[in-house]
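Handing you a structure now.
Lettered A, B, C, D and E in written order, each chain numbered from 1.
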Amino acid sequence: MTPRVQEMLSWYGADNPGTLTNLARLLNHGRLGGTGKLVILPVDQGFEHGPARSFAANPPAYDPRYHFNLAIAGGCSAYAAPLGFLEAGARDEPGEIPLILKLNDADTLTDESDPNQALTACVDDALRLGCVAVGFTIYPGSTHQLEMFAQLRAISEEAKRKGLAVVVWSYPRGSGLSKAGETAIDVCGYAVQIAAQLGAHIIKVKLPTAHIEQAAAAKVYMAEAIPIETLPDRVRHVVQCAFAGRRIVIFSGGAANFDDAALLSEVRAIHAGGGFGSILGRNSFQRPQARALKMLGDVIDIYAHPAV
Amino acid sequence: MTPRVQEMLSWYGADNPGTLTNLARLLNHGRLGGTGKLVILPVDQGFEHGPARSFAANPPAYDPRYHFNLAIAGGCSAYAAPLGFLEAGARDEPGEIPLILKLNDADTLTDESDPNQALTACVDDALRLGCVAVGFTIYPGSTHQLEMFAQLRAISEEAKRKGLAVVVWSYPRGSGLSKAGETAIDVCGYAVQIAAQLGAHIIKVKLPTAHIEQAAAAKVYMAEAIPIETLPDRVRHVVQCAFAGRRIVIFSGGAANFDDAALLSEVRAIHAGGGFGSILGRNSFQRPQARALKMLGDVIDIYAHPAV
Amino acid sequence: MTPRVQEMLSWYGADNPGTLTNLARLLNHGRLGGTGKLVILPVDQGFEHGPARSFAANPPAYDPRYHFNLAIAGGCSAYAAPLGFLEAGARDEPGEIPLILKLNDADTLTDESDPNQALTACVDDALRLGCVAVGFTIYPGSTHQLEMFAQLRAISEEAKRKGLAVVVWSYPRGSGLSKAGETAIDVCGYAVQIAAQLGAHIIKVKLPTAHIEQAAAAKVYMAEAIPIETLPDRVRHVVQCAFAGRRIVIFSGGAANFDDAALLSEVRAIHAGGGFGSILGRNSFQRPQARALKMLGDVIDIYAHPAV
Amino acid sequence: MTPRVQEMLSWYGADNPGTLTNLARLLNHGRLGGTGKLVILPVDQGFEHGPARSFAANPPAYDPRYHFNLAIAGGCSAYAAPLGFLEAGARDEPGEIPLILKLNDADTLTDESDPNQALTACVDDALRLGCVAVGFTIYPGSTHQLEMFAQLRAISEEAKRKGLAVVVWSYPRGSGLSKAGETAIDVCGYAVQIAAQLGAHIIKVKLPTAHIEQAAAAKVYMAEAIPIETLPDRVRHVVQCAFAGRRIVIFSGGAANFDDAALLSEVRAIHAGGGFGSILGRNSFQRPQARALKMLGDVIDIYAHPAV
Amino acid sequence: MTPRVQEMLSWYGADNPGTLTNLARLLNHGRLGGTGKLVILPVDQGFEHGPARSFAANPPAYDPRYHFNLAIAGGCSAYAAPLGFLEAGARDEPGEIPLILKLNDADTLTDESDPNQALTACVDDALRLGCVAVGFTIYPGSTHQLEMFAQLRAISEEAKRKGLAVVVWSYPRGSGLSKAGETAIDVCGYAVQIAAQLGAHIIKVKLPTAHIEQAAAAKVYMAEAIPIETLPDRVRHVVQCAFAGRRIVIFSGGAANFDDAALLSEVRAIHAGGGFGSILGRNSFQRPQARALKMLGDVIDIYAHPAV
């Protein structure tokens, strides 16, 4: 085990050896194994956006085995997906890629101003599928947030007791926030803090903008002159909001069909700001496999070298 | 066991031998046993539409034993019904026909724009009645969908743990959808994907039309030129949406008292598009037994031969 | 055991010997024991309408012991009541009359267009009180119906597991129905079907009128020329809706203080139509005991002889 | 044991020896021990009205030990209070006064037209504190009543199984009733009947007025000429509504700071009408202890002698 | 053990030795150990207000270890925080500072007139983290209060059974109260009474103003001439409302960045009025550590000497 991984595991002093073992598996896997950085392949878009919108651009991706292979071939740290996708491939090459089972999901067939998600799998499902972690989405700012936090609390307690790690997708959203507020720097930092206080080991957020949503927060950002002008600044602030960097925060890679150079530039900013890695869904599996592997390789290359 | 059944069972690598045994019983039963195709007799209309609307056209069908006999004589793969109907016949010829216990049902006495179903039986009921599977209806698009998904999740986890297969009726419906949207090709593909991601072994949907309901989906169908003009095209696309055909998708046979030739032509289209079979309720038990057996025979004949 | 009781028990092939034993106790008790007919004394009006409205006309009926004695002296098949009434008398003459514990009840102090009932006792209460069955009311047509069905499902599963029979009061009611619709022939048949599909052994409904509530049903009654003109016709149809007569359906005896001759004429119609008996509450305990015993005797006399 | 207590215990034939033992403790305690009459000290006003409104008039009453002592010194049958008050004194003189733990309470900080109460303690709390009974408030007439009844059902089943008695405060209240209706004679009788049917051993109600709230009831009170003119008449009727007097009904003693003579006159009326006793809260602990003991003594004196 | 601590433990006669042990640990720790006074460091602002608003003024405070160290170095009695913050430091110096795990929290991303909190940790989390107590917030006056009280009831029962103490943050808030009413003397006294009746060992409230919110209470404060003019008067009254001072009541130290002299003057008033201590969050961790230690030292000095 590298000193960096040892150091990072030391941040989780409340966890049992089972959970630490699974965190270590995740941190030691793939091309970034041992560096403390993570690139995760998430494929929940079939549920979240529908199959055609997710896979028609690259039809082999309709097949659940495709994503296991992509994550393995791409040198990813882990593969995260809903129940059905993991059930459909977990037996084929057991242990070849750390798995994260998403325990809740939503679709686009109803349109709620205060979104919520359905529980779609449970901790015991993650155990029987050989996963290293469970994943859970919360929507801070939705009127359903208290219920989601309580669900996460119960899942997190059970997962930790049973030796699994907990990955939280923290997406501010709902009638309490403006559209710009969903990626505002104060809200993003808040979202990371909430997930960390709820006991997440790893937190996934969107890249923040320089917008500040909450008036009470704006005063503080001004008064304390918190640097948020550049993307690395903002990544650094978000990481600080995660217990002064003692929780692992990873970032999503922008919209699909994004310009590749722009995406890699974002990754460089995440790395420069001290982010722990990227989660790349649509920008990997929605393109032909060769191009996806190239993209994953380029992203991993950035994280594999010390930040500039 | 035929190679095709062996292949199909291999798609369910996450299931225990108990569940695979029951899936195999279903795939090996009746005139289509071993072909990988299924024709299932479902009789939940007494609950869903009322007894007179369901059985008055063929009064012997008021008797629960009638449907067991029809499914056996007709060479069906399985018989699916609510609790009362299975309780009233399961002891008579145990094991003669694989049984699927519907665990939720609705009636037409209330009229909700966002429909829901009541839990009317449980997994242990299915075990004590000797069933091979449980059945569950979800309404993607209803405001009750998250609750229904969560119910299915719990039932599915318990059923798989106890060695049963899970059959999901996925019927898009609710205030989030137009009437035409309920059978739109994009929505139908989405409904199949949701059921598969929720862990269904077998998914039942309605035959889709060429209508596209969701604007964001329409762009993709256009951009990727997904073929949806003919019924076989659409069946093929829906099957693809079920994990590239690695989940069993069966289709319902249109409205009751449908023209027989038209119905058989639909079955030919399902077969041509790679569908796994039909579920025939009103078009079988609402006609005299001789005519019903003839119809079931004709449908089975189509599936028994290689698709053209 | 009479051949008729043996035949009727054969309809319940899914039940364990414990439940069949209790069904047999009910079918073999009282003056109608062995005939396959039932006359049950139900006294839940104290809860449902209030004590003065229920008992002031015959003050000895305020005393819970009165009803045990009335049911025994009247030669009834069983006595059905809420928790308090059974607790207050069950130890006095244990086993002298089969008991049915009502598990839910409502009162008239709130006035809801969509009625519901409170759970007021549980299956284990029925066991400790020596009951042969639990009773449960559902309101098909109420917006609370799905919740009530789910409650019945859970109670029914537990009761059957613990060797008790399940009696369902199926009363269509709620904003989904007109006042006339509550006793419409189509709705009444539907109510019986729902209760049977939910697993009821015995179903209690109101006598239906010739009114047809649902447009979709009206077409079928017309097209199939279902005979519903006379009361025996309608009883026969309702019994047919209960699994072609393979579930026990009993009927309530109209409004209180009804003309006795009219009431006995209704009973003759129930008998003629193949109904399995009557449930007589207000028309028995709201009159002096001598007159009540006379009425019960007359009703039982009708059922004791073959139907004309 | 006196013959009267033996007779009263015989009314509870469904209860186990544990519960009868605790009922006997209650009936045999204090100056009224053995008479079949009860005077209970209830102190939930700290929760229900706030501490200053409850205790400022007699500041020693802020101390939880005060009420234990008052109940003991006053010769009361029992002391009833919420969790905190019992926890704060139950160890001091264990067994010196039978305790009743209130399991639900409400406060005046929110103002709901349909009131409800919070669960504030559980049956196991009553066991660990050495109580003889649990207390529970229901609001018949509130839209929350079905939920409250169901809570009481579960609590009552557990309490009886664990050998405790059940005391129900039945207070009609809510949007289904006028203000006058809350103490109407028909509603009060109904409230007592509901509590008895729900399985209460002891029922506490307010003294009824001659007002009749429900039109359907008014007809019956008129037709049957039920005597309700005098307070003893009304008490007699309410007791009759409690299973013809086979459930213990006690009455609360009017508003606080009531004229003493008027209060004692009410007690005489309760006694004359066959009521089983009084529950005296504000009229005891809100005055100096000497005056409170005098008042309790006077009330007990009335009940200690045969009713006139 | 000092006589004062022995006396205070005697107030909790219903608790088991495990809970008394943990209460004793709390009362015997830090510079105030043995005096019966408490100064607690609470850090839930990261969750409740967001990380930047909480920690940017003193960036080392982003690190969860900072607060453990501050509480230890400051000589505090205990440190209270949500799950994440305790998980991130509890293993480092186990047992060096008594820990209180907050079990519910809210954020400012939604704005409800009737606030509520999410369950964010459970009693077993407190056990595995080595805590002496659980903390729970209630909002008397919110329409969610009944649900919160019921949650606290369940948590409190479990915590006491498992040997933990229960600390309740009782914050009147919601549509039932005006803004001034949240700190009104009558409401504050009521809030303390409710928490005590719900079984709290230690109660935290805000310092009350002389405002009286409830009309019915105002009459009593007037009639009984309850002294509420000075802050010590009001503290004395609030302590009296906590079972005549037999429950531990501590007070929060006003707004952040408060004038230090004013804050110390408030502490002197709390001490003079017989309050049991202070809970100091923002006024300690939002300033540089040296200044925070000075402030904590000054506050502790006040409580360490007999009140004037």
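Following the convention adopted for this analysis, contacts are C-beta pairs under 8 Å (C-beta built on N, C-alpha and C of every residue); 3 or more make two chains touch, one makes a residue touch a chain.
These numbers come from a predicted model, not from an experiment.
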Which chains are shared contacts of subunit A and subunit D? E
Distance between the CA centroids of subunit B and subunit E (whole Å) is 58
Counting in whole Å, what is the centre-to-centre distance of subunit B and subunit C, each centre being its mean C-alpha position? 36
Counting only residues that touch at least two other chains, what does the list for subunit B look like? none
For the protein chains shown, what form does their contact graph take: line, ring, star, complete or other? ring
Which subunit C residues qualify as touching subunit B in the complex? 11-15, 140-143, 145-147, 149-150, 153-154, 157, 172, 174-177, 186-187, 189-190, 192-194, 196-200, 214, 216-217, 220-221, 223-224, 226, 237, 240-241, 243-244, 246-247
Hey, which residues of subunit D end up touching subunit E in the complex? 46-47, 49-53, 56-57, 59-60, 62-64, 82-92, 105-112, 116-122, 124-125, 128-129
